[in-house]
């Protein structure tokens, strides 16, 4: 038996780290979700398991080529839709879909990339320039994220999809570039022939971002702006998106103006509180919510939140998240 | 190159061990299965591949949060059923389904848990209090398990499902507790509004267990008892379950009384022999079987068994299992 | 904290290596594919992600038991076919299937094996004696492999299937044996009751192989021969297959004679060029193509090729492949 000493780069025995050039990480979360709509209320268990697989190789010239896929299972009731064969299952016959079926359980669409220095080219299930624009996810409310009313572009652009094919088969392409305090991101796909970009600049702790999109669809986002920074113990963020012309339909669609004001406050060493208020032309009422995240150490945390959505739905969740 | 010494807890280079806090393990088995029914007999290859993924994180207070999922593929002929989209495939046109299709191949329903000391709370695709009651799996017959007639509660309660969603979307919850020689397990789910519990106590090498269940379904298990222990080279086990009232249907259902007597004998250093006899109100005849398991070392074993089931089917299997 | 030194066999920090006895490896590739048919031409992104899982255990007597599965996702437009539930998705409504749907994303059929010295027995999703005959894959054209017109047996025999069940449920069995310069491979399955074998012998750097098959299907391969070796900087290969009697249908089927001449030339230290010419009774015209593979180091390479297929389709591809 020959004894050897490993180099420090060889293997690191912490969570989310590589077996060779394939790394496995992710998170699990579980807890309780209360939903109160005009049709009635329900309290159910909510859970998600996400295993993320990152595979990479680096050329002699220092270019990293890689792929990211996820194996994810949510227990929520909504089906994936017929195009991917997803059918919700009402296993206990109470009128709700209890389980999305097996369609959730394989890998999702693959994002391939080539990266060198501050430049990255992505292909397939792309991140999307508007989805990745600073200020679009100013907070992550509660355990489950709630209604994402605080995401101003309202998913009216390309985005990485964790549990279906996403843009993988749709010729999605993107270029990301950063240099010092400046960053930009251009993405394009066959979906509505979208071409989108964002530009962001950070100065004195504040980040200003501008997003633009050209699309064949009237309801897609046209432009967006965001400003975010820190004031004392608070992180503040404002975002606005012009999601096409207002279609004058309240309670449906997502067209017209959409603005979001959000904040995060550190409360003690291990706890923060997040809050938002948002409104949009298609909202029935102003949307708002507040949450807390309490760090339990070791990648685990206790999380909960309450919100009143733009569609007048009340959501309350509480549970545990663990990263691995 | 900086040289380091790893701590012993860092990485252990044996089977089934972690890449960080995500561990991959499982087993494969393959061999021959002979089935003789009133309709005729067949001899086919049987195989299973199971990759089990356990992901965990531990909070500073010592609570372990985690999730267990499996990626499993059996080659048996039965389809998963239409609710999950599974369709068996008769690829060679001989009238039997040869392959369950792709539905087998994703991850199954997730079991989430929080564990601290002797207490564990499970959520989702739960283990189930009757399924995990001592004495319900006194033996594991042959290569494939055969008819599981030796499982007295007859699957008339919640159980972890390795190849479909299981209770994942069904608000399954359970609490497991052990202290010294005593253990208990309470589980509940939306399926038939089941509430089940078992209590077990071990003294002088013998384990006595009692199971109870309240359910909306007439055929579900009402109560069960088991006793198991060792006498010389033999492990003996007796179990009885009251699976609802006898419906007087022979050859179908699973209602009424069900009892099982089972034994395991060590024969030499690397071989054991298992045998059982069981009967139930719905059996057409008494069920019995015998098997052998021969350890080949390194996690591999040769296994085979023969049984005559309660439905008058003869099963013979022989093959290899390897754990990884 | 106890410090230890690892044995060299413990863990090796390079790509494709084990987390214990389960190893994860594979490759990704992405680039551009141009297709020109009589009906028109198209240029699209092409991509594949393959994660290969090899699980093994070794008995005390030195027999290795194991299983191989793959999780693979292609973005090509063809559906898997209705038998496995695969449905192509035309997400952008341009008349092409953009995405195979979720059916691609689970594990494929499992190949189980037992191996000792030069002897290996395989069960399930078998490799196949004709598929693994030397000379059947003399080259791997471009990024995507193009039409595989250079595979003389034309897939008219059993083969390992990376993205569906393959022969897993079909009682596929095979035996592979090698001793010095001689190797042989016998495979059998329920598909068309195929029984196939190949025998190969290597002398002075040249490999000669003979394949034989008995099958219930008129169009299956009857016999095949191949010769391959090196002359200076070139690797040359010739293969011929008798794929049943010529059915006199041009542009369809795959019956009759099929021959292939292929070569690989090293051009500089990191680049090679491959070329082939092939013809078959069912080809509308002679098929030919040429490619290059340029090694970028670290398991990455730049690849591209152009071919004119036997069905008068022009294919051009260019892109990157990375092994992990």
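Labels for the chains are A, B and C, by order of writing; each one numbers its residues from 1.
Quick note on the criterion: contacts are C-beta pairs under 8 Å (C-beta built on N, C-alpha and C of every residue); 3 or more make two chains touch, one makes a residue touch a chain.
A quick map from chain label to UniProt name: A, B, C = Porin.
Because the structure is predicted, anything quoted here is derived from the model rather than measured.
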## Note on the structure
In contact with subunit A (Porin) and subunit B (Porin) alike are the chains C
### Query
Same or different for subunit B (Porin) and subunit C (Porin), where same means more than half of the interface numbers show up on both copies?
different
### Whole-Å gap between the CA centroids of subunit B (Porin) and subunit C (Porin)
38
### Task
Identify all positions of subunit A (Porin) at which a residue touches two or more other chains, and write them in rising order.
5-7, 11, 19, 85, 103, 105-106
#### Entry: subunit A (Porin)-touching residues of subunit B (Porin), taken from the complex the two chains share
1-7, 9-11, 19-22, 53, 55-61, 63, 65-67, 69, 80, 83-86, 103, 105-110, 112, 114, 123-124, 164-165, 168-173, 190-191
### Query
In their shared complex, at which residues does subunit A (Porin) touch subunit B (Porin)?
5-8, 11, 13-19, 23-26, 28, 30, 44-45, 47, 49, 51, 71, 73, 75, 77, 85, 87, 89, 91-92, 94, 97-106, 296-300, 320, 322-324
